[in-house]
Amino acid sequence: MSGSLLPSIVEDYRVLARKRLPRQLFEFIDGGSFAEETVAANRTDFARLRLRQRVLRPVGEVDLSTTVLGERWSLPIGLGPVGLAGLTRRRGELQALRAAQSAGTQFCLSTVALCSLEEVAAQSRQPFWFQLYIMRDRGFARELIGRAKAAGCRALVLTVDLAVAGLRHRDVQTGMTGGLDWVGRARVAADYARRWAWLWDVGVQGRPHLFGNLLSAVPNARRLSDFYQFTRANWDPSVSWADIDWIRSEWGGPLVIKGILDAEDATQAVKAGAQALIVSNHGGRQLDGVGSTISSLPAVVQAVGSDAEVLLDGGVRNGIDVLRALALGAKACLVGRPWIYALAARGEQGVAGLLATYRRELEISLALAGLTRIADVDRNALVQGTTR
Amino acid sequence: MSGSLLPSIVEDYRVLARKRLPRQLFEFIDGGSFAEETVAANRTDFARLRLRQRVLRPVGEVDLSTTVLGERWSLPIGLGPVGLAGLTRRRGELQALRAAQSAGTQFCLSTVALCSLEEVAAQSRQPFWFQLYIMRDRGFARELIGRAKAAGCRALVLTVDLAVAGLRHRDVQTGMTGGLDWVGRARVAADYARRWAWLWDVGVQGRPHLFGNLLSAVPNARRLSDFYQFTRANWDPSVSWADIDWIRSEWGGPLVIKGILDAEDATQAVKAGAQALIVSNHGGRQLDGVGSTISSLPAVVQAVGSDAEVLLDGGVRNGIDVLRALALGAKACLVGRPWIYALAARGEQGVAGLLATYRRELEISLALAGLTRIADVDRNALVQGTTR
Amino acid sequence: MSGSLLPSIVEDYRVLARKRLPRQLFEFIDGGSFAEETVAANRTDFARLRLRQRVLRPVGEVDLSTTVLGERWSLPIGLGPVGLAGLTRRRGELQALRAAQSAGTQFCLSTVALCSLEEVAAQSRQPFWFQLYIMRDRGFARELIGRAKAAGCRALVLTVDLAVAGLRHRDVQTGMTGGLDWVGRARVAADYARRWAWLWDVGVQGRPHLFGNLLSAVPNARRLSDFYQFTRANWDPSVSWADIDWIRSEWGGPLVIKGILDAEDATQAVKAGAQALIVSNHGGRQLDGVGSTISSLPAVVQAVGSDAEVLLDGGVRNGIDVLRALALGAKACLVGRPWIYALAARGEQGVAGLLATYRRELEISLALAGLTRIADVDRNALVQGTTR
Amino acid sequence: MSGSLLPSIVEDYRVLARKRLPRQLFEFIDGGSFAEETVAANRTDFARLRLRQRVLRPVGEVDLSTTVLGERWSLPIGLGPVGLAGLTRRRGELQALRAAQSAGTQFCLSTVALCSLEEVAAQSRQPFWFQLYIMRDRGFARELIGRAKAAGCRALVLTVDLAVAGLRHRDVQTGMTGGLDWVGRARVAADYARRWAWLWDVGVQGRPHLFGNLLSAVPNARRLSDFYQFTRANWDPSVSWADIDWIRSEWGGPLVIKGILDAEDATQAVKAGAQALIVSNHGGRQLDGVGSTISSLPAVVQAVGSDAEVLLDGGVRNGIDVLRALALGAKACLVGRPWIYALAARGEQGVAGLLATYRRELEISLALAGLTRIADVDRNALVQGTTR
């Protein structure tokens, strides 16, 4: 057995994904924006929080189930929305959905998925979540909301931290996005060839329903090489709190706002009628240098009080991190890159394995913290003085 | 002479052990749980404590002897309980016992030793300590306590931080525990072969008294590849403070509780009748992300006051670390991995060398701190402001 | 595509510059003084400041324009003065000037440029800035000020942190400056040869107007190998605040003092009549171990109040850093090494690309911080408690 | 030119020394005790102190001269006592002495020098310092003091932090000291051969006056392989403050106590009649884990007040560090490893080069801090809040 050992199942899958995926795609998934300071902070700030080891408390019966937006989850970990998942595996979103539902938790389909709302709904055993970006063409958002209602979606997750796209230097260098001069293009040519073979392999090349949710509005969505620039051109930077009203009235169901990192924004989100917030910095892919998710969580929880549920998405790499987030007031965690790595590495089986590992890790760490139920986790689970 | 120089005798033996042992075994010993944050913290937190260099105080006569549970130790360092020690050397527990007794200190036999209580008792020059895990079958614990009494053990060390086993990713990756799919199994196949040859070599393969203390209760303990899963299945997560009572009454002798990291647990342990506590996080192998041993020590010492003796086990890599722990109130330190590395590297002679080096290091550092007796070590030995 | 991906456009150009330039020249540009602690601190201290991510604030119209010394800049980033720029590209200062002016921002010509004030003025579309060192021969400074006036320069930037030159160990080791014994000289001989070929290539060798601004005063300025020692010999360490008076009266226009890192010096600079200060430690090339630029900025801004504009030069590697500096009170940032790397890597096109990237990064980060105008950036853009 | 560039002249010489010296000797010089935490802290704690960059203060005339024990030094940097210097170069102590005296500063001869007091005195242009260890045989100390008086030494430096020798793992591994088993001895055999050739080369092998100062007392001092063990056997751990009295009366001249790191010891040293103290942890070669020299300096300076002069020895690697130590109250700095590296690398010329570089660095940094005289350096030279 060669190579060095890896500290988590996520890292395991990441290494496998790196081997399998075309470089552009892997780096697009793996990378962050600008100097990637926030990608790093999302991880390192978790490690500062120290848990209390408690002993001789009966922990034979550990129950990880929790309730999110009135819905029972078998564990406080769901699959957050990730764009382009379907590029890593044939019908990738469906594979992840099946793994999540088998594990008894929730899956959130991205606006920028390769499988359409309708395809996913047809295969889903139960209502799933749908994530929405608001583009310049509001009619397109209305249409998507209508399709989500028709698909019986359980919650609408509005992502608000992408007014404009963060600058991701890896994508420029790999040719994932434009901006390369001819020297750069020549350097990545070999990888381009590999990329097209890949697209064929995962069943994307030439299929009419590529980018299912966007297709009607986006004539050239089929051409992957334009995609990154395309999103930059179509997203609407002038969306404001005022837009939440019509979205809420169009939608009518539970509204989740994703991308809240600031206590003032959290307060406003609650006022705007969000039932839940997701503390997120878009996985460190948007404004670099902002607070990490875990360091931003306490102020958001305090601002929101009991008016909304708070979830956290970003930097969660094992069950210990989940326990830390719960201790600081999160209702549950979502993961993004981890399930894409797992999907790319081993498909549905990989995502199932990921969730099983998170479950086992959380069971173990809850028990070793002397607790048996999610509802019992609070700041008392942390060593005083380590929360800042 | 090639290679880089090593900063301690422990690291020296660790390198030798890595060369000698089958990979699965080495990584099982060397690793921790989850992301191994606590393994690292156990070490780095020692380095934050700065000692006072004192000069021109007569230190010609340095006496390292101390008293632990009324027993005289020639130095405040003992060999803590470590499972599977006998897998690293033929009759490994006996070799370590002899080294400890020759050095005038104590050895604690693990429940999960390869040499049985009776075999060890037959070879021991004096009463040794016995470490107990409480399994689902309480009758088994009763039987072990009875055997420990019959063996004349001096103290019973009840390990309480293993309600469930921490998840150790290295063991999954090396195949030490189950969970590998067929790809993984193929990858470790060559190492499996080496492992079985090894077992023959250390005299374990096919011997009837393998896992001496467990044999009666565990029909398949002979099969190493099942062992890790086996412990997970048999340990009892519902043990509670209430169990201490019957253990105490069965045992009747000095009771030590190992795995206390929290002041509240320490208070309860004293109430439950423990004569000594061992501050420990199981060497970073259980709940990852908890406080390091040395950072947790002061609160435990304060909670316990003079009601019990406090020992520390975890992260002690030289005599300087021992001095730091004593300065913060530990009565003595136990070491785990260090003696296994030494045993694997050079057998009894290695463990003797390890203890001799610790002794010499502590003698030197005590003298250079201007002190000559263990009883004189207190917080005054540390630079103010560095204890946090 | 080989090699690892780079976290910024600056690093990209740096790698290209390292490939293109003779080693002595690259290390001269890239290095700092003494142990280069300040070079590192200029970077790492930026990363401590955490920005606030703000959402759902309309950021469709972002305007980066600002006013510096009454002059409109299309973005708050200018090209600071850098010596020897012309050694990296044929007529390098002209190329950088054109890139800056095309981007709608300002360029500052160094005293130690290879293109003369007159050559630059002849090609410039608008008034540029001129940086002045005061040498022992005050007549020479007077002459330069006269030439700057004749060239229609917009502002005079007086660099005050080079009373004596910092010791730069890289230059000694590469042979850029003297001090090598014969062994050292032999070691760099091959590189010397390459250097002379290079000088021919960039059009410097043998041209009468080499070091245009210095030529009249410096007979041997043509000989590069003497240059570093030469500057040490001619700079005047006895310049004092009293000298500002005659400089101001000679010049008559807007006076900028560059190299202020201390609040007391800032107060004095304002009293001496400076309209703007540049917080700078000469890129970590002078007194090593001083405060970083970003950590020194707040005290200077506070000392100066509204009496002068404060710019920052040192450690700015992307638009995020610019936003951080603006949040702490800087009116704009200047960059040094970044544009030299870009110039060396790709000439005028490189500098243009650098400025375009900075612009895009600042636009994006401003929008993601929920802001649309430079004037709206203040401390409120930062997470409280991270500014120290 | 290959290899990476080095950040200081000390590192330059260190690399050269590593190439030239037998491994045992280099590691003996380069290493520290135990885990070498203090060796590292001596360096890193300097970097925490930030200097103030001051501008436009006339610094044309910089005077580095100072007075130590009433003696004029041309710069506040002297050569501290280092044992075995003569093993690195033929008559090494003499070479260093000449370099120090040519530079107008002081040299301190070690008890454990290869050149005797008498040989050094014969070649010295002026009184030098002599460092004394007190061994079990007090008569030997008396004899040495007598010889030092006869040699006209200017000050007696009593080293007090070596009651017992710190454990230096590098020396065990390289075979510099005993403790190797036959496997280890075989590994270093080739190096032993090289070492003996080396001894011949530097003129030590077979010379009657090897270890000049120890010879009379130490019959087997000629055999290097016994030396390290020998010192451990002969040093006296029972020396106490009471011994200072007779030393002082034997000596009669200025008494310097070296190895003070603690304010309480400093107070006692002054009471015992020391005219100067040297803050030192023996270069991190004795009690590992103690405070660094620079972090320990302020409390010692405060305890001593104006009753004695305080010098610092340990971690000083360039003129910036000297300035920092002066700012915190040191009268001057001594260096140890730096001059041995320089001596090993280039002999007398190397030590001269080292001192010239330190001088130039201090001149430059003093000027850039806006100061011109050593007496003007105080805490005001540091950025507030960085001294802890």
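As written, the chains take the letters A, B, C and D, and residue 1 is the first residue of each chain.
Simple rule for what comes next: a residue touches a chain if its C-beta (ideal position, glycine included) is under 8 Å from a C-beta of that chain, and two chains touch if they have at least 3 such contacts.
Every value quoted in this text rests on a predicted model; they were computed, and no experiment measured them.
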| item | value |
| --- | --- |
| Minimal step count in the chain contact network, chain A to chain C | 1 |
| Interface residue identity across copies chain C, chain D - same or different by half | different |
| Maximum centroid distance from chain A, chain identifier (CA atoms) | D |
| Chain centre separation in whole Å, for chain D relative to chain A (CA means) | 58 |
| Inter-centroid spacing, chain D versus chain B (mean Cα positions, whole Å) | 41 |
| Junction residues of chain D - those touching two or more other chains | none |
| Pairs of chains satisfying the touch condition | A-B, A-C, B-D, C-D |
| For the chain D and chain B complex, residues of the former touching the latter | 23, 27, 31, 34-37, 160-161, 163-167, 169-170, 173-174, 187-188, 190-191, 236-241, 243-244, 259-262, 264-265, 268, 281, 286-291 |
| Contacting residues of chain A [partner chain B, same complex] | 1, 5-9, 12, 47, 49-60, 317-320, 324, 357, 360-361, 363-365, 367-369, 383 |
